[in-house]
C-alpha cells in the first residue's frame, strides 16, 4: 500500500529529525477525548489522535469471582480492530495484533491498580461485578496503542455501577454511583525507526518502524507496565530515555482524562 | 450442473406460463406429510414435495428461561442441509442459507404465536421447557422453504411433553400430554423469474429464479411474517398479489397438517 | 520423507522376518517407564520406547456426574501429538489420529474397569471426581499406541486424590490417598505389513504398515478391548494369533507398570 | 392516509426520527464510508474494494462478490452483545448484500471482492435499515459504479397505529409489527422486505405505502450527504492536499 | 454352536433384527445412496464423486481420497444429540473410511475426492455397522468401481449369551460386550473390528464366527437391494425418462 | 549492587535457580531441539524447517516466516490448563517470535516457514524466558543461520528486593514485579522486555542490570549445551550410525 519511495522519504526525513506533517519527534497530533459517547454502555469514550479513532465501552455484569480471588471484581479487556479500520479488512476471531494491544492496555489498568476491585464484591465468593473493557478501533491512522490507552482510561472515569434489585439483577437505567477508581494510568508508546525514537506515528510512519515500547505511567509518576513490541531491539539507554520522556508526556493526558 | 441450454429452455417455457413437468404456475407437486417418523423425538414429521425431502424432529429439554421472559418457554430452531441433500455436499457449521431458512421458519411459528409458551413454565423464572425444532434437509429438489415450513408445523402438532419426576428430570417414555398449540401457521413461498411469479419450483427451476417471497399464513387468515429472499426485487403489486395467492394456497395445507 | 528405496528395503527384510535394527518380529525396543514426572499433576508418567516418548498426566477436578450415572466418577481422556513430535507439525484442535489414539486408550481403561469409579463420588448425584487422563506425544518414532497405553496405566498407578475442604474445594498439596484401582490394563498393538505381523515398529517401519490391531489385556488375562486400525484387513486366524501373542507380551508390562 | 396522532417522542406517525443524519466520508482509511443516525440508532458503513479474491477459487469470473458484514458492537445494546457473528447477524448480512446487489454494478468488476463493513455503534431499533441506507452511500462514496442509491426504512405498527421508523420502545408494544424495507425510488423496486407480527393484507399495503414515503425522504438525505461530501473533497483538492 | 434361547425381541441368538431392510437409491440427488434399517436403527448413506479436490494441495496423485462423515441427527437418540462432530463420530468416520478403502478401487480415480455421507436417522445400537453396510451399497449404486460389497454387523454378549446384532437394551446388560465387525465374504478379510467389554479368547472366536454368518446374510441383502435398484432403473429407462 | 540476602530457596538475589540446565538435541525427530530447566520450570523447544509455506499465498518472497507456538501442557500447572491457545499464549508466542527475528537470518530462507514449538512441561514462573532461551538453542541445533544466541531471563522484585529469575512463590508477593527480558550479549540489544508491577525508573535500571548479568550466565550455558551436542554428534558420526 505504501510505496518504497514514500518509505525512503520518511526515513530520510526522520534521520534529519523531521516528519512529513512538520511535527517534532515527540509531538503528538491533535488528541480529542469525548466521554459518554454510548448510551447503552456504563461508561464510554472516543479518542481521536489525528485521523486515528478508537472507541471504548465499559459494560458491567454480575458474575462470579475467580476461585483464587473470591473478594475481588473481575476485569476483562477485549480489543477488536473493526474491518473498516484498515485495508487489511479482516473479520473473525481476534488476531495476535488485537490480542497484544488488548493485553497491553489491560495490564496498564490492572497492574496500576486503577480500579478498586475490592469494592466490586456483591456476595463474597459468589457474586462480583465483571467489568468488560471493550476497545474498538474504528480508523487506524497509526498509534493505536496510545489512542486505546487514553480511551480506556477516559471511559473508566465516567463509568457508573448499575443498581441491583434484591435478587442481584440489574435495574435498568438506575445506578449506585460511580465506579470507584484508585488511580489513573495512561500507557504511552515510544516508536523506533532507524535508531530514531519518536512519538505518535501516522499509519504511513508505522510502515518504517522497527519497534515500539509501551510504558504504563500512573498519576503518581510510577511505572506500572512495560511492553516492547515488534521485531526491533533497544539498548538500555534508549529504554531509560524513552521511559523518562513518556513519564513526562503522560502528565497532561492524565490531567485531561480525569477532567 | 444445470446447463445454459436447460436454463434457456426453462425461461422460454415460463414466459409462456408453462413448466417442464406440465404443472401450472401455481401448482404444487405431490405433497406427502408423514407424522411421528422418529421414535426418539417428542414429535416429528417427514414432508416430501416431489423428490424434495425434509424431516423435522422436536426435542424437549428442561432449561432456563430468557432473563427478560421469565414466564415463557424457549423455542430454538436449527436447520441443517445434510451433505447428502445436494451436490454442494458441505459438512460444517451452518452456512448462511441454512441460517436464513431456519430463521424464516422460526419466525412464522414464533410470530404466529403457534406454541402456548406460557404453559411451558416448570418453575417460574428458573425452569422452563426448551423446545428444539430441528430441521434436516435430506434431498433438495427445490422449494425447501415450503417443505420445511410444513414439516415443522406437522411435527409440532404431534409433539408430546415428557413427564417430569419430583427433581424435574424427564421420566423416559412417559408423557404429560400434548404440546399446547394456539394456532397453525404455514409459511409458503412465491418465486419469481423473468418477472413471472410461480410456486413450488424444482431444483432445476430454482436455477433461473431471481427472488422469493415467503409469507407466514395463520389459520385465521392473518399474515404473521414476510421474508423477501435472494437478489431480485419486487413491485408493491407483485407483493400484494403474491400474498393473496399464498393466503389461499395455505388453507388446504393448514387443514392437512392438523389432521 | 521416507524414500521408496528405504521402504522397499524394509519390506524385503520383513519378508525374511528380519528388521533393520536386528530385532525379532515380536521384540520390543528398550522400554523405559518413569513415574511422577510432573509435580503439578496428581499422577504422571513418561514412557520411552526407543526414541518414542509419551508423557501422561492425571489431573483431578471436582465436577458433576453424568445424569445417567449419578453415583460414578467421570474419566476424560485427551490425546495431543505435540507439534514437535513429528515433521507434520500441526497445532490446532485434535485431528482424527489423535482422537482415535485417545479413544482406544480410554476404552482399555474404561472397559477393563481399571478405576473404581464408585469410590469417586463426593456428593451423590451432584459432585464427583473428574479424572483427566492427558496424553502428550513428545517424539514419534513409532508405536505410539503402546507407549501411550503403558504411560497412561503407569500414571494412574501413582495418582493421588486431593484432599477437599468442607466446601468441596481442593486443598492444595494435601491428599486423601491413592486413586483406588481395581485392575491393570495394558493395550498392546500388533502391526501388519505384507502379511507379516510384528510388534513395536519404528517410525520408518510404520511407513510400510497396512494395518494394526490393538488389544486391551487385563492382569487376569481377560481381553477388554479391540481396535483394528488403518486400511488393511485381517483374517480370523491372524486376529486370534495376534491376540494370543499380545496376551503373553502384556504380562511383563503389567508387572512392570504396577511396580 | 395516516392519522396525525403524536408518538411518545412527539413525532407524527409518518415522520422519521429526529435527528435523522446521513454523513459520507466518516472513516478516513476506507475507500468510501457513511454514518447514519436515526434517533438513537447509529450505524457506520465502510467500503473496501474492488480487490483481489483470496483464495482464488472463490472468485466469480463474471462479476464482483459483494460481501457484507453487519455487526453490533458489544456496547451498542443494554445487555452486552457477545463479540462475533450470531445467526441474526448472518441473516441480516445476507439480506443486506442481496438488496445491494440490485444497485451495485457488480458485472463491472469481475473476479474481485467488494467488502462492506456495517457496524452498529448504538442500537434503538431499525439497525438493519440504517445499515443498508449507510451502505449505499458508502459504496457511492467509494466510487463503485451503481445504478442508483437505495434508501431503507422500517414501517410497522404499535398501539394500533401504522407508523414509520419505529423506536425500540414502539417495537416492544404488545401488538407491534416491524417491517424492514428497502426501495429504489426511481424504479419502484422493493429490494428488502421482512416482517414480524400479526397483520392483515390491508395493513401491509398501508405499511408499504408509508415506507415508500419514508424511503423517498431518506433518498434525498442520501443525495445531500454525497453532495456535501463531493463539495468538501472539491474544496480540499483546490487547497491541494 | 449358538444355543437357541429367545431374546427379549423374540429372536434367536444368531438372528438379525427384524425388520432388516436394505434399499438402494433412496436419495434422489445423490450419485448413489442406500438405506439400512436394522430393527429400530435407521441409517441413510449417500455418495457424491469422484469430484475435484479443493483446495488442490490436498489431492493425492495416485488415488482418490475417500471421505466419510458419520453423523447422528439430533433426534436420532433420546437425549438430543448436539449438532456437529464429536470425538466418537470422528473415530467412527475414520474406521468406516478405512474399511471401505479395502473394496473401493481408489486408484482408478487419482486426484479426486469421493464423499460418503452417513446419517443416523434413528439409533438403537449398531449404527456404525448399519452405516458401513449402507455405504458400500451406496458406492455400488453410484457406479464407483469396487472389488466387492462389504457387509457389517455387530456380534457381542449379553446376559451370558453370545449374540448377533445387539439392540440398545442388550448393550445395556451388565456383562455386555459389543464387537462391531465388517467382512468381505469372498476373501475372508475382516476390515473393521472393534470391541468393548470383558471376554476371553474363546468368546472372541465365537463372536467372530457368529458375525461372519450374520455378514453373509447381510451380503445377500446387499446384492438383492442392488438388483432391485437396477431392475427399477431398467424399467424406468424402457419407459424413457 | 545487589544485597546478599538469602531467598526462600537459599539463593542470592542475583543467582539463577538451581538446577539451571540447558540441553540440546532432546527431541529426536526434530531438526533441532533443546530443553531448559530453571528450578521447577521445564520447557522443551523444537524446530522444523525451513519448509514450504502452505497455502502459498502466505509466503514472504524476501524472507522466511518464523512461527512460534508457546503452549502450556494441561498438567504443567496446578489448575489443569484447558488445551488450546488462549490470549496469554498468543501474546507470548508473538513476543518470542519477534525477539527471535533479531538473531535468526530469515532473509537467508526466502519463501519458507520455520516452525518453533515451545512446550511448557512444568511451570513455576519464568516460562516465557525459559522458552525463548530454549528456542535459540534449538534453532542453532537445527543448523539455522543465526547472528548470535539469545539468552532470556526475568528480573523483578519481591519483598522489597530486586531479584533475578523469580519463582512462582516470589511472584506472588504483595509487591511483586516481574520483568521478562531477552538480550544479545555481543551487541547489548534488548529484544524482549515486558513488565508488570509498580516501580520507579531507578528500580527498572537495577532490574535491567541484574537481568543482563543473568543473561550473560545463561548465554554461557547455551554455548556449552551446543558444544556438548556437537561433541555427542561427532562421537556418534565416528561410530557410524
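A, B, C, D, E and F are the chain letters, set down in written order, and residue numbers restart from 1 in every chain.
In this section, a residue touches a chain if its C-beta (ideal position, glycine included) is under 8 Å from a C-beta of that chain, and two chains touch if they have at least 3 such contacts.
The shown structure was predicted, so the numbers you read here are calculated from the model rather than taken from an experiment.
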item	value
Shared chain contacts [chain A and chain E, defined touch]	D, F
Remotest chain, chain A as reference, centres from CA atoms	E
Length of the line joining the C-alpha centres of chain A and chain B, rounded to whole Å	48
For chain C paired with chain D, centre-to-centre distance based on mean C-alpha positions, whole Å	58
Set of chain F residues in contact with two or more other chains	55
Touch-based graph of the chains, sorted into line, ring, star, complete or other	other
Contacting chain pairs - touch in the sense defined above	A-D, A-F, B-D, B-E, C-E, C-F, D-E, D-F, E-F
List of chain C residues in touch with chain F within their complex	38-41, 44, 51, 53, 55, 57-59, 61, 78, 80, 82-87, 89, 91, 93, 132, 134, 136, 138-141, 172, 203
Contact footprint of chain C on chain F as seen in their complex	27-30, 33, 40, 44-46, 48, 69, 71, 73-78, 80, 83-85, 115, 117, 119, 121-123
Complex contact set, residues of chain F against chain D	55, 57
Residue ranges of chain E touching chain C (in the complex, touch as defined)	87-88, 90-91, 93-95, 98, 101-102, 179, 184, 187-201, 204-205, 208-209, 212
Partner chain E, residues of chain C touching it in the complex	94, 96, 99-100, 102-103, 107, 111-113, 213, 218, 221-236, 239-240, 243-244, 247
